[in-house]
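Next up: some structures, all given as structure tokens.
Across the two complexes that follow, chain A remains constant while its partner is chain B and subsequently chain C.
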Partner chain A sequence: MNDEINIQELPTEEILELMQEDLYDGLADEIVAEVKELLKRGLAPYEILSDGLIAGMDAVGDDFRDGILFVPEVLMAAKAMKAGMEVLRPLLAETGVEKTGTVVLGTVKGDIHDIGKNLVGMMLEGAGFEVVDLGTNTSADDFLAAIKEHNAHILGMSALLTTTMTYMRVVIEALKEAGLRERVTVLVGGAPLNDAFAEDIEADAYCRDAAIAVETAKKYMQIRKAE
Partner chain B sequence: MTTGLIVCGALGREVSQLIQLHGWDAEIIGVPAIDHVFPERIAPHVEARIRALQDEYERLVVVFGDCGSRGALDELLARYPEIERIEGPHCYEMYAGDDFAALMEEEPGTFFLTDFMVRTFQGLILKSMGLDRYPELKDEYFRNYKRVVYLTQNDSPPYRQKAREIAAYLGLPLEIRPTGWGELENRIRIHFNTTPSALQGAQDADPVNKTHPE
Partner chain C sequence: MNPLEKLLASGAPILLDGAMGTMLMAAGLEQGDPPEEWNVLHPDRIRAIHQSYVDAGSQVILTNSFGGTRFRLEMHNLQDRVYELNKAAAENARAVADAAPRTVVVAGSMGPTGQLFEPMGLLTFEEAKAAFAEQARGLADGGVDVFWVETMSDLDEVRAAVEGARSVSDLPIITTMSFDTHGHTMMGVSPQKAVETLSQLDVIALGANCGTGSDELEKAIEAMRAARPDLLLVAKANAGIPQVERGGNVVYTGTPEVMAQYARDVKALGARLIGACCGSTPEHIKAMAEALEQTG
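Right after this comes the complex of A and B.
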């Protein structure tokens, strides 16, 4: 859309604003060009991430929640964000910023919906978490093995089907049996869930969307540090 | 006493066939099928119909699954204790019954079709997923899928052909399972005290053994 705009001529502030618009419109190529231009200008990868990509995705998330944007638009925006992240990720790793915490994430067994889970993973990564994404159709054994291997602070489980969300309880029971329940914070999400269900299966929190997931994950990390 | 059936748009045609077949004294009041894409709209839309119809019908039955309403439908109906909902999480489970769990266990990457889906795929379904506007999203949606299983209600060659076309578009193998109305019929029937339909029995003697890999 911004064929006529020559980003090299724009002030940095305006490129950051443009990034938010282009994310909103799901324009992956433009996002990549803008990220590269800002890097060339010496902006820190972390700044580009938080003031460009994350700020843009927050706007997408708000409008999705308010019914202004729909799933396809969110998916296009997520694709654009992913393209930008791919440029930034190696650089972020180099700068060696201390990780906020480690999250093991997955869609539970029997379910292969992954759009919401991927979004949550990307936003957590953007907030400085190390994210170990186990993908879809994840068994309790796989969740447990990854939690041990990566010394995870947080387990995030996603389910979009009434018939699969009950599997979250199975995973939490397995955590208890393995003596890991006290060690990890369990966050759950997905369309058919609600607060009452999360409480019932003894998860720590239900998160309605990615922004709340990030907020909640940060909150629990702070609580841990205070302990 | 005419019963008002508040019916999901995706089940409208099938429920009306069942009414005819059994001769139930019932009338259908539809709720837009597109609400499936926005499950938070289901409970408010059902409630609006309950309020409008409560005085008109002595009895109302809600023919809906939970359909991702986050339990909102059952919470709503708890406030109207005289109104019942038929059991079930979604229509795929209603048609396939216990086979639904077995099919998902066998292959979690299963995408289901029904007569309704086959009829509306080109329009409603593709549009609601944005695949008309962003064809490149097909892979984002279906990357993890391994097969299409078509649960037929009124098994017919034209519908089978459409199902084949959908599977080809998705690049997935197709299996066809004639389920008839499955549990949908049974779960409505218990509200009318009638016996299982003869036609259903004939159409669907042994659904488990009627799988046809294409």
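Right after this comes the complex of A and C.
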């Protein structure tokens, strides 16, 4: 859609706005070109991340939460964001930008559904988190090992099936036994879950969708900093 | 004449069955284990569940094959046993249906692959179609009367399932989607859009299943009915919302009374094939059978 727009002629402010639109429309090539153009103009990688990519993904997240966008649009937006991140990531690492926090993420044992989990992962990355994604069919042992290895602040577990969601309790019990429960915030999500379930298995919070997962993760990081 | 067509010819509402997955857990299926393997490991338990639904009044029973595509069986390293497990699933239901004193239809359950289609994911249409064809072949050879494509959220995946099933068999096909996200499927399909698209496919009935509570499902049926009053509609709601009891058992909030009211409501909204999904039990189905009888 931007064939007619020559971004080199646009003021920086307008390129940042255009990035938000292009993210919303899931245009990966455009995002990469815009990120490169802004770098060429000497913008700090962190500014491009926060004022372009993160701001754009916030808008996507809001409309996803409100039922204006659905999974396909959000996945395409997240792909575009990832493409932009590929360019920025090495530069961000060089400049030593502080991460929002570290999240270990996975779909629980017996469950291969990862659409929602992947969305959460991509949107957390978009919000500046380091995400360690363990994929699907993840055992309690694997969750625990990754939490220790990466010093994770947050554990995110996903399940789509009524036959697998109760495995979350198994993981939480394992965390307790390993003395790690106090150290990590446990967020859970998935179609058959709800607040009462999260409370019952003693997770910290249930997140209805990816946008809420990101909001909740940010909130818990703020609480941690305040402590 | 196909036994389902025979039932439909009566003009009366047709009572489906209730949940399989949550019943299997009650029968001892461990968290994360593959339900489909029980078709050969514990055929007696599968048949007992089917029997309990027939006893409760179900006129259609769904096979224990929801996750029976190679994509889902792969997680348990069972991807080479697609045909065998689906055939066994069909045979288990068939045995119960054939022994029943009235016509009981065996529907071959086919659920989503769990994969995303291109360009969002990696799955191609042809791969999906082949996987559903493989599953359908086992179900057909095991003796199902109809293919039942359910809990779908992506229209392309429904089309792949319908075309896959049709490529191996001429049996009737029914398909339902799950409208669990702001009145749409997870992939953003509205009930109107589902009706428009699915009615173009080679299916004899379509509708809604699973999702959240029965209120949301009733809204979907209402919208489908408004879009196309001429179509045969299927309603299969969850028994409320899952909650976990002390000790880890999952219970659903919908009582048999709630589900009886849902059956009356959804019939009034125009659904012809009426059943229940996750969390429901033969007790719920029995209450629904009585409710539908009372309404005539």
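Convention: the second predicted complex is superposed on the first by the 220 of 227 C-alpha atoms of A that agree within 3 Å, B and C clash if a C-alpha of one lies under 4 Å from a C-alpha of the other, contacts with A are read in each partner's own complex, and residues count from 1 in each chain.
What we mean here is this: a residue touches a chain if its C-beta (ideal position, glycine included) is under 8 Å from a C-beta of that chain, and two chains touch if they have at least 3 such contacts.
Predicted, not measured: the structure shown is a model, and the values here were computed from it.
Chemist: Consider chain A as the common anchor and indicate whether chain B and chain C clash or fit when overlaid.
Modeler: Because the two structures are overlaid on the shared chain, the partners are seen to clash.
Chemist: According to the stated criteria, A:Leu161 is in contact with first (chain B), second (chain C), both, or neither; which is it?
Modeler: In the superposed model, A:Leu161 contacts both chain B and chain C.
Chemist: By the touch definition at the top of the document, which applies to A:Pro192: first (chain B), second (chain C), both, or neither?
Modeler: both
Chemist: A:Thr136 in the overlay: touching chain B, chain C, both, or neither? Say first, second, both or neither.
Modeler: Once the two structures are laid over each other on A, A:Thr136 reaches both partners.
Chemist: Name the contact category of A:Pro72: first (chain B only), second (chain C only), both, or neither.
Modeler: A:Pro72 contacts both chain B and chain C.
Chemist: Which partner does A:Arg169 reach: the first (chain B), the second (chain C), both, or neither?
Modeler: A:Arg169 sits against chain C, while chain B stays out of touch.
Chemist: Can A:Ile112 be said to touch chain B (first), chain C (second), both, or neither?
Modeler: both
Chemist: Same chain A residues contacting chain B and chain C, which ones?
Modeler: 67, 70-73, 75-76, 79, 109-112, 114-115, 136-137, 160-163, 191-194, 196-197
Chemist: In their complex, what parts of chain A are in touch with chain B?
Modeler: Within the complex, chain A contacts chain B at residues 26, 67, 70-73, 75-76, 79, 109-112, 114-115, 135-137, 160-163, 191-194, 196-197.
Chemist: Under the stated contact criterion, what part of chain B meets chain A in this complex?
Modeler: Residue list for chain B touching chain A: 37-39, 65-66, 68-71, 89-90, 93, 100-101, 104-105, 108-109, 129-131, 133-134, 137, 140-141, 144-145.
Chemist: With touch defined as at the start, can you tell me which chain C residues reach chain A in the complex?
Modeler: Chain C residues touching chain A: 21-22, 24-25, 29, 31-35, 71-72, 74-75, 114, 116, 119-121, 180-184, 186-188, 241-244, 246, 248, 250, 278-279.
Chemist: Please output the residues of chain A touching chain C within their complex, sorted ascending.
Modeler: Going through chain A, the ones touching chain C are 66-67, 69-73, 75-76, 79, 108-115, 136-137, 160-167, 169-170, 191-194, 196-197, 200-201.
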